[in-house]
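Each of the next two complexes has chain A plus one other chain: chain B in the first, chain C in the second.
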Partner chain A sequence: MSPYDSATSAGSSSGSSYASSSTTKPADIDGLLAGAGYKVRSSDLRHVAQRLERLETAMVNSPVELSQLASSDTVHYNPSDIASWVDSLLSEFNHTPSLPSDLPDLPDIVVGPGINPTVKIEGDATWMDHDAPHQQQQQQQQNVQSLTIPPNQLTVVAMEEDSGIRLVHLLMTCAESMQRGEFSLAGSLIEDMQSLLRRVNTTCGIGKVAGYFIDALSRRIFTPQASGLFGGSVSGSASAYENELLYHHFYEACPYLKFAHFTANQAILEAFDGHDCVHVIDFNLMHGLQWPALIQALALRPGGPPLLRLTGIGPPSPDGRDSLREIGLRLAELARSVNVRFAFRGVEAQRLEDVKPWMLQVNSKEAVAVNSILQLHRLLGSDPNRSPPIEIVLGWIRQLNPKIMTVIEHEANHNQPGFMDRFTESLYYYSTMFDSLEACTLQPEKALAEIYIQREICNVVSCEGSARFERHEPLAKWKSRLGQAGFRPLHLGSNAFKQASMLLTLFSAEGYCVEENEGCLTLGWHSRPLISASAWQAAPDANSPLGIVNHHHNNHNAL
Partner chain B sequence: MAGSNEVNLNESKMVVPLNTWVLISNFKLAYNLLRRPDGTFNRHLAEFLDRKVPANAKPVDSVFSFDVVLDRSTGLYIRIYRLAHGEEPQLNIADLEKPVTAEVVPVIVFFHGGSFAHSSANSAIYDALCRRLVGICKAVVVSVNYRRAPENRYPCAYDDGWAALKWVSSRSWLQSKDSKVHIYLAGDSSGGNIVHHVALRAVESDIEVLGNILLNPMFGGLERTESETRLDGKYFVTTRDRDWYWRAYLPEGEDRDHPACNPFGPKGKNLEGIKFPKSLVVVASLDLIQDWQLAYAKGLEKAGQVVKLLYLEQATIGFYLLPNNNHFYTVMDEINNFVCSDC
Partner chain C sequence: MQQMKVEDKEKEKKPKFQMNDHIDILIEVLKRLDGPSLGVAACVCRLWCTLTRSDSLWEHLCFRHVSSPPPSSVRPVVVALGGYKRLYMVCVRPVLSRLRNSNSELVWTRDEVQLSLSLFCVDYYERRLGGGATSASSLMFLCNPVNV
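== the complex of A and B ==
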């Protein structure tokens, strides 16, 4: 089973185009196991069961190897894929993968009292096929919507005060009236909310986040397509500098960006193993906070560091400063101090879609890592007159054939067409994020981090069209999108998970949690994931036209 | 000793559907990797392997869920599952705690299983089970993410259960028309054990629990019973692993006759004359600790308490995790009748 092949079918194509319907049930996946979080094809169940048996026998017969397996060194990947998980453990026991015909050396069915003897293992009679009355129905009706339709995730933290609930109610009503175009009603509701705010604690909890949403709503009514600070089109020098400053403080105040950097670096380090010339392309250099750790890790690499090239992309600085180069120089100095041969190149681009691959000067001998921290979603805005920027960019990335592409994105559904949907989703999302910030005591980091988040809120809520660039989509959608664009996942394993968890325990408040999601990792606050990290490489399909993958060629009748 | 070097896999295969066998065997083998002989637990790997699902305020099959953090310092949160009414496509935060509308709405406080060490309220298997409970019983289900062993031993799980019960009983929006919250406690495996002990605490308070539902509850004792010997290693579970979990949960130095493990044992509490809730005790005939579970039901009976015992022939542990067998439907019906008999 290929890593990202979620839709399989035995039959021939019905001639319909590949439909990525959000209610598509991947054909043949056992629906009940899917509900339990496991992906196993019904037709594979027997085979998986045999492998499990094999594994158990191995575990029982080799207790020493079992304890080694149970030690921290073994890396596990993608537990949802039981078949591959079991096989990877079996290979640790040095058993060669075997066909079912190998199994007769296991004891035959033991005949217990009152139990009828069954035939040998290769036959179909080994497991009882229960004639449970509802089984067939259940298998078909098993709701797999939750697999593909992004949920409205909500963790509420102690919404005790009535005025807090009233505030939320007013916010929703206001958003609803805006969606219906009733702007005078919306305006008066904003006034109501502003007066209610005066009676609510706005220093924390729902009061604080509500204040930002009320502000965003009023901008939407009174200054639509707000330019300057919050719009995407006008971006003065102060803006780029401010953005970097706010980003840096957001990095310090809470662990989301640290998690992003840490997880991406780990994956990049592993991908670069054995390569002497490596080239990292950073889609948003900022202050280059991610790179000292990678440089140091490469310096300590067994066998010595490679030659490291870093290409940092960032907005131009119109006041004559070359801020990209300044960061590059600082990183070069660090590299020099740890004896890592290093070269830096800055690429100025107002928008990521303005970057052309030739600007990156990738050479054929180097291993390339493309690093995108909260950048890809900005490419989702589409102009009917142009090709979608996301497709163009993913297309040239794929052509570069990077060793790895690390993708970090908000785990949120803020790009839905309906305003109400976006508003509700972002209210849930940012409430949770603000709540997680409560634990931070560093100032001015916390205050500036809040402004950083406030800007995102404003963009999601008050902007439209090309001005709205915070078009966050959840991991499930990115997986699908990247799969279609010709990428396949590189799974992040239990080692990355453990290190991320430990990092959080050391440096952050209680309440942050790392979760594994089919080869990707998410970081969240209490039970709500807020940011996701995944890694990708170009799927081997050299003949495919730009950006279109052929893997699903034969799977058009995914139902 | 049965099951020492020989692997008796064959018996379990014959009594459960294939996908159930795969599910439970997968857990069994993963769990073998997590329990260390020195009594410590590989928590990072456990969390990595556990399949979790987020709460979802968008109704799926008419059921929606949301989480509430009760204690930031311990991470205690509850996941609340409710029925969506009518054509609400979008629920907003204010709707989540909208008062229940029916005459009488049972509120089931649920404690997931995992032998005190495994799983969470957001584990996929338990999220699915709670959703099914809501649909079948038309109840509100509150699943408690209690602290787990061995990092948090007795009585942490009971403390968290008690905190959740108190929270639930104080929500005006959970009250039925008679201005009372109609509370039932339910749980499987270690969750069943927690049900008993939280109900015991409630007895000494003014919180009324209307009924206890114990699914394959986890009890034990020092003595080795006949079922433990007979069924050891045959149906996914061994006495060795049971012993490990008790050592992980009970206070250090305590043995399995501690009342948390053995409530009707030598150190148990006398329940005669106490206003203890009525109990529904479900026992699977292929569960190796059934002698303890049957003794529990007997103990309640002897103390003059109301108990209904449901003994399921040819059922193994975890039969209720997938709705693909008759036992699942039998038990769901029984639970439904149990919580609706007061409606």
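== the complex of A and C ==
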């Protein structure tokens, strides 16, 4: 995703300093970039792009110099004049080497020759020849190993990478203008982007991701009320059946949900050790794909299987099908084949906050496990008139005093109040996720998994208020939130880590990584964590003299 | 004269030991074969085909390289979920080949056994879910397109 990376580094540093040029522009300034606030001559475009690429390579190869750059007293040029800005940054990279400490006789910073700020590039040959010997000479003097790009390897930036960078710039500009309320500008930018999309490969990479984000942005502007339908409540116009189907294909196409299921099952299995009556509460049953492995593991545990009760929560299904019960029957059949005593109960609820603890019929003698896979973040939207649903739900969970609560959530910060922050974060997050999906070759699983992800994108970007339920928060925030709600963390053991690593080895795609972080596991793509798994237990009540949390006795049977 | 010569020749040609008369020895031999060889053996003759269908041979194959024998509770579970031959085809063989890139003769650990059994169980469940929402198998990620 290198075109995107260089673009963000350019875009974010210019975030607040550019002024949108609304006055008349000279004819030779490129129109598209001018709309984004950058002044570049059309004739200079290719060369500026080449230099941006070199700058990006330099930044990637020498992170130490980057920090020196940030802390030094150099003057930063106005980035709206991209040509001079990138030239000045490149010259600073050439001339601020990171020297090893045992060579004290070399100067720390060599004042470089002043580079003419307005670069008039006539032809690429002269440009390259001018820089190359100068640059190599400097390198030999200072023994810097960072910039070692021989000039004849500088590739001409293809039209496509150019367009990719432009697309990202335009996306950022459009989002920023939406945040400021300039909807007409945003609308015209969307049209620009859509025409630009036709020149970019939209079957992979930045083109595909950009396409989805452009779509989400246009929904936000043009159909704000209808966007509630598409990304709205789970069974608005999107039926529960469709959601289950997409979820299942997302399960097949990439390992995130498998990781979630296997890690949660391992933790639950360990928590249930020694108990003969166990009760699992699943906040989102779907097809119940998580539970066969747990049933099998319980069947084979030393000492024999316990009595397993499973309560599955799910949305009501339309047209009278009782899908929860059907899944329950399948699971019961499996349990019967492996001789595990099993009982299933389905709880239909449109939203998780509609579930009341008496519906779960927990008895005091059983060990309870609460399993929440990508569900808790939906409770974070708050209505000023009511107490936040997350607190209500965490409150009754704590009252149940579960042996373990497994929480799997997106490792992303998509619940910030500012639209621009959310947009930027989600662009980065979903780009990484789509990257990881490229490795999947199963069709139609991959296509449907992409639709599943696209729905999330739409909800994060184009919905607001109660319609926006994809309110992802990172693990650190969940840790503090759950800590304040009266839970203490349980460490996921080394077995869970080993199992997760083994599971990932079975996927042919290299690039997934499992990390352990203070007892929690995260799965990510190339060192960017994308999903996190953690386990919790009710902390002893400080007020109660014995330190025991009150059990919630419920005798209500009627609905 | 000619008849006697033919009879002598027939007596010389007749082997003294027929493998197919000693099924227990045959089974002992088959137990030591690897998966592909067992498949080939199944094509030799009807007797061998019947013998190689027996699940106990495949059970032996599945757990041959486990350091400690699995508990007795495993067998009814595996049988209920589809049998050892299927376990081998669908889970054990791909898991072993993926996890051990170079050497296929190493002992495999209890964790790998557990993981294979869990994946096998998910496979069984998905087949039972069947013609409902999806017919995709989550174990397809284990298998190459050209398979079994």
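Keep this in mind: the second predicted complex is superposed on the first by the 371 of 559 C-alpha atoms of A that agree within 3 Å, B and C clash if a C-alpha of one lies under 4 Å from a C-alpha of the other, contacts with A are read in each partner's own complex, and residues count from 1 in each chain.
Note that a residue touches a chain if its C-beta (ideal position, glycine included) is under 8 Å from a C-beta of that chain, and two chains touch if they have at least 3 such contacts.
Predicted model only: the values in this text are computed from it and were never measured.
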Touching partner for A:Lys498 - first (chain B), second (chain C), both, neither: both
Touched partner set for A:Met172, first chain B, second chain C, both or neither: first
First, second, both or neither for A:Phe507, with chain B first and chain C second: second
Touched partner set for A:Val40, first chain B, second chain C, both or neither: first
Greater chain A contact set [chain C / chain B]: B
Touching partner for A:His248 - first (chain B), second (chain C), both, neither: second
Contacts of A:Asn339 with chain B and chain C, given as first, second, both or neither: second
Touching partner for A:Glu445 - first (chain B), second (chain C), both, neither: second
Which of chain B and chain C A:Cys204 touches, first, second, both or neither: neither
Residues on chain A lying within both footprints (that of chain B and that of chain C): 498, 502
Chain A-facing residues of chain C, complex: 71, 73-74, 76-77, 80-81, 94-95, 98-99, 111-112, 114-115, 117-122, 124-126, 128-129, 132-134, 136-138, 140-142
Touching residues (chain side chain A, partner chain B) in the complex: 30, 32-33, 35-38, 40, 42, 45-46, 48-49, 52-53, 55-57, 59-61, 66-67, 69-70, 72, 76, 79-80, 82, 86, 89, 107-110, 112, 115, 118, 126-130, 132-135, 138, 143, 145-146, 149, 151-159, 165-166, 168-169, 172, 420-421, 424, 427-428, 431, 494, 497-498, 501-502, 510-511, 513-516, 526-529
Touch list for chain A against partner chain C, complex: 241, 244-245, 248-249, 251-252, 258, 262, 265, 287-289, 292-293, 295-297, 299-300, 302, 304, 326, 330-331, 333-334, 337-339, 442, 445, 495, 498-499, 502-503, 505-508
Residues of chain B that touch chain A when the two form their complex: 5-11, 13-19, 21-23, 25-26, 28-30, 32-34, 36-37, 42, 44-45, 47-49, 51-58, 60-61, 66-70, 72-75, 77, 79, 90-94, 96-97, 121-122, 124-125, 128, 145, 321-326, 328-329
